[in-house]
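Consider the two complexes below, in which chain A is the common component and chain B and chain C are the respective partners.
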Partner chain A sequence: MIGRIRAIASATFREAVRDKLLLLVVLFAIGLVLFSRVLGWLSVEDELKMVQDFSLTGISLLGLFLAMLVGAGSLAREVERRTVYTVLTRTATRTEFILGKYVGLVLVFWLCIVGSWLALVAWVLTWGGGAFVGATLPALVAAVVGLLFESVVLTSVALFLGSLSAPAIASVGTFVFYMVGHSTEALRELTDQGKNPDFAAAFALLYRVVPNLENVNFINATTSGRPVDWVSLGLGGVSAAVWAAVFLAGAVALFRKRQF
Partner chain B sequence: MFDPRFWLVVGGVAAAAALQGPLGQTNADRRRNDFRYTPDADVARVLSLGHRSTLANTIWLRGLPDFAREFRDKKLKKRWLAGVFDVVTELEPGFFTAYWFGSTYLTLVDRDDTAAIELLESGCRRMLAIEEEDGQEYYITTRLHIELGMTYYMWSKDKEKALEALEFATRRPDCDALTRNMVVAMKMDEGEDLVALTYAATNLDSPNRNVREKAEEDFERTKMRMVRREARRFLETHTREPVSIAELREFAPGVPELIWDGAEMDADGVFAFPKHAATELRATLHGAEYAARIYRDNHDEWPPLEWLTTPGWDPDRPNGLGTLPRPPAGQAWHFDPATGKASVIDLPQ
Partner chain C sequence: MTPVVEARDLEKTFRPSAFGKPVNALRGVSFSVAEGECFGYLGPNGAGKTTTLKVLTGLMTPTEGEVRLLGGPPSDAMARLQLGYLPENPYFYEHLTPLEALEFYGRLSGMTASDVRSRADTLLARVQLEDARDRRIRGFSKGMRQRFGLAAALLHEPQLLMLDEPLSGLDPAGRRLVKEIILAEREKGRTVFLCSHVLADVQELCDRVVILHTGKVVREGTIHELLESAPRSFELCATKVPEALVARIREVSELFREAGDTITAHLAGATAGPELAAAVHDAGGRILSLVPERETLESWFVRVIQGGSDA
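Coming up: the complex of A and B.
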């Protein structure tokens, strides 16, 4: 089973790497990293802080766009090209097919995220930010690890939605998921201390049942000088893995029922 | 020669460009009193999708050009920009530039520091809450208290509140020597010599040699100032100089005993403070070596002694760090270009 998953993952990885769309999205992220220097110049001070903040947001968007544009349509592409028939008529099961696709996509997304992150570090170093990177390195590492965890969830959601609906709808759904996943905590805070009591129950419920992507968002801590809470990051990673398993199980269930 | 559609495109672009001039002017006039929507901090937190510091940066960068933008209703502009600073700092409580630049702007725009103090006080509160949560101190909290204290001191002229904020900063190890010396001077003015000396002694046991030596210099200077103050009081009371340290000590029994340590009076009745002189000399020599190192970094060679001692000695390589004061009596400055070490040497008799 592992061998078959590995073979599908490897094929997915190779296929995704050759995808021009992926190249375009990565170029967008690296472009944003480079452009962030211009935003730094516009600032009064804190030039490297601007570079770091905007770049990390760009890398987070990279993870989202990859899931939306590459992940959400990957199953549909296999069906469209009829490669799915070749794979499934051999010894691979539908579960193995989904898991293989997932692993391949996650690996290629991780590669893109880590590559963009290295570009960010190199860019800051180019502008004499050695001391700055040195001081913020643990937080920078925590931020990118958080983004990798986020990518794990987003890819599973994209695959789940991709097995449920058309690629365009799956892409929009992944985008909405990203927005909601990053907002539930702030929405709950809106109702803190008796504010907006009408919405309090709804936001509290939303907070519980929707995966909270803020659990693994450590971007805000990179330039604040606050220590990294590695335990929280680890727990956030566990939470991300659990949610990814849930969405993958859903994707497998839907894919198994699908008629070709 | 060309397709008529080509001329249509060219004509269209030319017409649009010609129209943009007057339209741009109309837009500028229309926006004289136009402020941009800035969401409430709670809403901004939701809109940020978790990227709070990036949204704070964005709002900050968007607001920067508006500092200088002409605005018909200045009060409205100030109120709006105060809101911008509040949202930015609420999204990122440690964004010191926003506090610093924002509070300066809010004060200078109409010489009223109320909004600036509100901004700085909210910053102090936010940072103290974060420190309590994290169980550790942050330098920004110290800087915010210094800014708050200086705003009270310079604009509100509220010495009591200024001292309260500055004292808070002074009690923290990362407070700069300038602020600490200011608090020491203010405490001396209030007659609280012991407190002043305690603040001056804050970093005497610092493991960092530079910090420790600076603290020693400041501490000795504080003692010297106290002795000189008592000497002035003696002169006012007795209309003559004290003849000895013992007489001055007897005149001022209330001052801490510590200040007399290191004070001397020579045969001509002039006060001398050898300990202070030694610490000051050491600081001067360190400063000279630091300046020489900068010179070497810029020009790949050590400077000649004259560059350190004579203003304008090399017009092509001006000494922007200031020049050395006069050396101690009977001595001269010496600089070893082989090692970059500065020292004083005795002049030949």
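Coming up: the complex of A and C.
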């Protein structure tokens, strides 16, 4: 089983890294990191803080775009191009296929996120010097680990929605999930302070159902210079893994019923 | 002996949209394929051939009925381990090279990396893709993909080959090559399930055929049986035939030509030809030839599907 998952993951990884779309998205992210310097000049705040804040947010959006553009349509592409026929008629099960696709996509997305993050570190090193990087490196590491955890959840959501609906709808759904996932605190406030009790109930439901992506968001902590709370980061990772498992189980259940 | 493939009373109903009228793609399809047989699954476009193949390979579940593949259900991984499947117009991971793709499929079929490598070179040479082994599949022509698909289907030396239109998109040399490979695999004792609407290919390659039309089996038998059951006809060519007999022959002929004192008549049925030849001989005429003609599978097939199952 592990061998087949690894084979599917490896093929997914190779396919994705050789696709020009991925290169474009990564270049866009690195462009954002470099552009952050311009915003740093315009900012009234600390220039390097601005560079880090803008760049890390850009890398978070990179994870979202990858999930939307590559992840959400990956199952549909397999079916449309009929590559899935040559895989599922061998000994691979549908569960192994979903898990292999997932692992392959997560590895590609992690590679892109880490690559963009390294561009950010190099950029900060250029402008802030080694001493600055040394001081902020733990926080930068925490931020990128949080982004990797976020990508784990987003990819599982994109695969789940991709096994349920058309790629365009799955992409939009992934985007909505990302936005709501980063707004759960606001949802809680609306629940507590909402004037309309019906909406408050809806917000309360959303607050409980949607994973809180802020659990793995360490961008603000990094840029504000607060010490890294490694325990929170670890708990955020556990939460991300659990949510990813839930969405993957859903994707597997849907894909097993699919007729090709 | 347990059949290699067995389909019993297969029904498959699709509903194109939530409120659309259901479409019955398969209606009570039953057949079996014996070990070592080259079995042709024939039918015009839309007859339900590809749907049957998807049901047989586990890509689709039937609405009713049962499928056994190498003694087990298609969901059984051990059964699929012995299956080599080539889909119609196959697509592969575009950014992989043939070698990488074969490595991928080999790993999915439980082969070790060294097994795949030792088989890959031989197979790529066999389908004449050895020069393209390091090129990405993305740049392959339709014929190259088809040949690569056959190599991928043969990689793990399966007991059963299921080929959906394996000759489509190939040039004459490619068609010859693929036919030779199919015949060679049959010689090795592999069971071949060939899905096609090109009758000449089926006639050349298969031992037995099933003809499917609008989701139903309309004929089943060996090529020989099917053609034997098809009506015969005769072409009679004679000279110096008395006028009265010429008139009689003209009357019963499907086609009739007269050039000087020579007549050529196309006579339907198994008896009219010999009877009229005897009459010509008895009347003092000279028989130049009496050629029996048998319907080709192609014309027989067209007649069967035009006339439905009663043809």
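Keep in mind that, in the parts below, the second predicted complex is superposed on the first by the 239 of 260 C-alpha atoms of A that agree within 3 Å, B and C clash if a C-alpha of one lies under 4 Å from a C-alpha of the other, contacts with A are read in each partner's own complex, and residues count from 1 in each chain.
As a convention for this text, a contact is a pair of C-beta atoms (placed from the backbone, for glycine too) under 8 Å apart; a residue touches a chain by one contact, two chains touch by 3 or more.
Predicted, not measured: the structure shown is a model, and the values here were computed from it.
*Asks:* Please work out whether A:A7 is in contact with chain B alone, chain C alone, both, or neither, and reply first, second, both or neither.
*Replies:* Touch partner of A:A7: chain C, not chain B.
*Asks:* With both complexes superposed on chain A, which partner does A:T126 reach: first (chain B), second (chain C), both or neither?
*Replies:* neither
*Asks:* After superposition on the shared chain, which partner residues are touched by A:T86: those of chain B (first), chain C (second), both, or neither?
*Replies:* second
*Asks:* Of the two partners chain B and chain C, which one touches more residues belonging to chain A?
*Replies:* Counting residues of chain A touched by each partner, the higher count goes to B.
*Asks:* Which residues, counting only chain A, touch chain B once they are in their complex?
*Replies:* 39, 42-46, 49-50, 53-54, 56-57, 60, 178-179, 182-183, 185-187, 189-190, 195, 213-214, 217, 219-220, 222-227
*Asks:* Of all residues in chain A, which touch chain C in the complex?
*Replies:* That would be residues 3-4, 6-8, 10-11, 14-15, 18-19, 81-83, 85-93, 259-260 of chain A.
*Asks:* Along chain C, where are the residues that touch chain A in the complex?
*Replies:* Listed in rising order, the residues of chain C that touch chain A are 54, 57-61, 77-78, 80-81, 83, 85, 87, 89-96, 100, 104-105, 107-110, 136, 149, 152.
*Asks:* What does chain B use to touch chain A in their complex?
*Replies:* Chain B residues touching chain A: 42, 45-46, 48-54, 57, 60-61, 64, 92-95, 97, 101, 130, 134, 136, 138-140.
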